[in-house]
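Each chain carries a letter (A, B and C) given by its place in the written order, and its residues are counted from 1.
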Amino acid sequence: MGSVHAKSLDPLPMHGRDLGVNPDDVIEAPEPEHEAKQEILENKDVVVQHVNIQGLGRTKEDLLGYEISEVFLAKNLIDVMKKAHLARQKLLRLGIFKDVEVLIDTSEGADALPNGLDVTFEVTEVKRLTGSYNTMVGNNEGSMVLGLKLPNMFGRAEKLTFQFSYGTKETSYGLSFFKPQPGHFERNLTLNMYKVTGQFPWSSLKETDRGMSAELNFPLGITNHTLKWEGVWRELGCLARSASFAVREESGHSLKSALSHTVSVDSRNSAIFPSRGALLRVNQELAGYTGGDASFLKEDFELQMNRRLFWDSVLSASLWGGMLYPLGGQPSCIADRFYLGGPTSVRGFGMYSIGPQSEGDYLGGEAYWAGGLHLYTPLPFRPGKGGFGDLFRTHFFLNAGNLCNLNYGDGPRAHLQKLAECIRWSYGAGIVLRLGNIARLELNYCVPMGVQSGDRICDGVQFGAGIRFL
Amino acid sequence: MSLAAEAFVSQMAAAEPWPENATLYQPLKEDQILLSDCASSLAVQTYLRMCGLPVQVACRANAEYMSPSGKVPFVHVGNQVVSELGPIVQFTKAKGHSLSDGLDDVQRAEMKAYMELVNNMLLTAELYIQWCDDATASEISRPRYSSPYSWPLNHILAYQKQWEVRRKMNAIGWGGKTLEQVCRIRSAFATSSAQFFFQPTELDALVFGHLFTILTTRLTSTELAERIKSYSNLLSFCRRIEQSYFEDKILSVSLSLFIPSLIPSL
Amino acid sequence: MKQNMATPMELRCWGSDWGLPSVHTESLIVLAYAKFSGAKVTVSPIDWTWKTLTATVPELVCGESTVTEPTQILNFMRKQRFNADYELTARQGADTMAYIALLEEKLRPALLHTFWVDAENYANLTRPWFASRSPFPLNFLVPRRHANMALSRILLTKGEAPLHRITEVEGKIYSDAKECLNLLSYRLGTANYFFGNSPASLDAFVFGFVAPLHKAGLPSSPLQSHLRQLANLTRFCDNILSVYFSSSHPGKPRPPPPVQETVDANLQKLTQLVNKESNLIEKMDDNLRSSPQHKPHRPDPKSSLANEKSSTPA
């Protein structure tokens, strides 16, 4: 790198602009750096003249222009390195490159400025088609899962995924197309088509869904929004001959067409073991206005707050609640109602085994709330600190909740009263294991309290896994 | 139903008397039910009336899917659910109500054979006319069958049902039959059944259910009803059963109500 | 007699084995009926020919026309004046139809299952037999094809919504089949044939369904052991085999039975029925009233019931 004499020079228009970046699209306004001038190179003004990307195959260059445009705005070397690093992160996030390397060098060639720099990104694209193959064995059934992924299908970070699961009992599949807006990866559109089969032994219910959905995600300020339309053909059936008549009455076909909106604010530092920050997620779903024969309005919220206390322990409080309001005089369908209970919601109760039931089959409720208070601490004596041991936490918890059906003629006061009586609650302690950054396993000792007749309890040791937890 | 479960059910059934709130479920009679289902439902109702067992009729759009065997009608008695005439006859027998106790082995064999004849010929022919005759299927069966569902589910379900029935017809070798052939078979049946035992048994309930429904339902071709009308003994048989078991006001109202409604507006 | 002048009839069917003229139920029905009615049929087994794949068995070729399916073939033979049901009353004709329906609905699924779906029987008896009778390379194809057809037929006709799998249907079809055999046994009683002293089409059908079950050396069959307990049914099959299919009188048409005998048999049966069931009086009463000569005395049959209701506006 040669010496740079750039003080007297105004920054010149850059050749790199031929990549076609509109300054309005720049995500973050460049901030002038006023850091301590330690070394001569660091605060020398430099001009990024060229940005090269090597190793491109089918990826369109205009897409990358948005991601790397920031680099041109760098004024000094430190800035260049920071921005290049940021750009690398952005490129990797697109999910279309296996690897990205950054090289910074002085400009060469006829038009090279004395203080000109060239930044080169060496990328390795992922394969055009990737596949995966899994076999799964569950209780009394096995299945084969075949997955196909076409990342970067049209060269602008689109992704097409197909998953097919062939089982001894059921076959299911899903086809999904993902398209981000160039330059704004968070703004994206997802189209889905799927068939899934679920068996719900707590309700003696079997559900086969065939449907399609369109989903639009976008950030707005600090909030994230999701707008979604879903059209789904649902087929309900009894899981066993002994299913209760109330479940039998729900069998058959129905068509749900629903619009839903989710807004979330998440300032937590981790999704599974947060130590600070809060999460608020509010979801609303309106079914029936766009066709179909299910019509209802469903509101649902989730709130979680975390606070760090002494010795790496964290106090976490969460509250869930929801209400389903059937429209058009139709009773609500068993597949739309809320369920509560289980090792990751109100602990100490059986999976979805709280509230209205008929002959041992849980029918779900139209309103619910649940709250939890946790104290998370590292493992006693902290074995495996800084490594394996950090995947574990011990926790003490207090959970409470209620699920019931409301009589919508009665007014809010009666509703609150109904939700406040017969509260189920439980307390206990256990160990939590983090699985990746999406799920967790819990092994708890629970003491269920406030048990009502018909509830199924799990007094003592309870084991469970979940991605959403109270 | 497995045999063990069947044995268990009949054991359970025997313990309890016939409750007052027994309910028979069938598809919506105004605009959904089809000839074959209507006939089967009427047969079961007739049988229960012959036994003197009270039953309320409930119409549900999803009756077919509620039924444990996927066929209508079915009865909900106490906490038992039993579908189709054959099992229902067994079920009532377990509870101590039977019409065929007075028959000897040979007669019972004959009765069973005739019941199979009705199932094998009349029911199959009804299904054939409903779903394999293109005119009837497109004008009557598909629109009626799918009437409770919204677009596009109505088309999917109707064609799915039609495909299912046609597959079954192909498997038993009815696939290539034309409507005239079916009518000939049915008239052959009418000839052969012109002489029945005349004693109320489940067979009479079954035959009445089918004949009465055929007589009172208008399909695209009335040939079949005309054939039956030409057998005066069958007509008097139907009238006699109707008078003996469906005389009381509530039911004759409900019967005569559903008869015009069976006739789709063509 | 006229029938001797008729065009020669050729019947294509599966060949003989297990002491039976054919191992195939439908073929057996037609063969038995031909014997009963005295029709001269040239039997040409399709074994070792490509017809094992292409032909619909059994197939009757008579001059220009080709008839398939036992019911159609029997009808065709009746039209050719080979009628074994000539002496049956209308009631007996109706009974014939009813019992055939009973066989089709109750016994056939279990038979198909026994021969084609039950793995042990299929691998040890059915597949080797049909494979050995088909030419190469059809021997790999024909048995599999029959087995698939049998399975799909069972599932489609007997597999109700919750029991879509064969294991769940098995119990039901076998109990149905045993009941059917019992009913046939009751009906047959101690008689030689179902209607009187001469065999008719129902006898042909029962023979066709029951004889393979009786004669085949099945490695495992609860149905076969059940049949063994019904002595009159097995005797019925053996009797037909010895009278009509024994090699000592090949193709010999039965002697026309004396008319008197049949009348006696019918009379006997009627008396039997009357004695057993007092309700029969009512039936006879009904029959009398419905018979044509009484028509003028009856109220117009097309009065209240049907006409009123079917004439409701559409």
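Just so we're on the same page, a residue touches a chain if its C-beta (ideal position, glycine included) is under 8 Å from a C-beta of that chain, and two chains touch if they have at least 3 such contacts.
These numbers were taken from a predicted model, which means no experiment stands behind them.
Asker: Comparing the two chain pairs, does B-C have more C-beta contacts than A-B, or is it the other way round?
Answerer: B-C
Asker: Taking each chain's centre as the mean of its C-alpha atoms, which one ends up farthest from the centre of subunit C?
Answerer: Ranked by distance of C-alpha centres from subunit C, the top chain is A.
Asker: In angstrom, rounded to a whole number, how far apart do the mean CA points of subunit A and subunit C lie?
Answerer: Each chain reduced to its C-alpha mean, subunit A and subunit C end up 66 Å apart.
Asker: If you average the Cα atoms of subunit A and of subunit B to get two centres, how far apart are those centres in Å?
Answerer: 53
Asker: Centre to centre, by mean C-alpha position, how many angstrom separate subunit B and subunit C?
Answerer: So the centre of subunit B lies 27 Å away from the centre of subunit C.
Asker: Give the residues of subunit C touching no fewer than two other chains, as numbers and ranges.
Answerer: Only 162 qualify.
Asker: Identify all positions of subunit A at which a residue touches two or more other chains, and write them in rising order.
Answerer: Where subunit A meets two or more other chains at a single residue, that happens at 238, 241.
Asker: Where does subunit B touch two or more other chains at once, residue-wise?
Answerer: 1, 68
Asker: Across the complex, what residues on subunit B touch subunit C?
Answerer: Within the complex, subunit B touches subunit C at residues 1-3, 67-71, 102-110, 112-114, 116-117, 119-121, 167-168, 171-173, 188-189, 191-199, 215-218, 222, 225, 228-229, 232-233, 235-239, 242, 256, 259-260, 263-266.
Asker: Can you list the residues on subunit A that touch subunit B in the complex?
Answerer: Interface residues on subunit A, with respect to subunit B: 233, 236-238, 241, 245, 248-249, 251-255, 291-293, 359.
Asker: Subunit A touches which residues of subunit B in the complex?
Answerer: That would be residues 1, 5, 60-62, 64-66, 68, 76, 79, 81, 149-151, 153, 156-157 of subunit B.
Asker: For the complex, which residues does subunit C have touching subunit B?
Answerer: 69, 90-91, 93-95, 97-99, 101-102, 104-106, 149, 152-153, 156-157, 160-162, 168, 171-172, 175, 179, 183-184, 186-187, 189, 276-277, 279-280, 282-283, 285-287, 289-290, 295, 298, 301-302, 304-307, 309-310, 312-314
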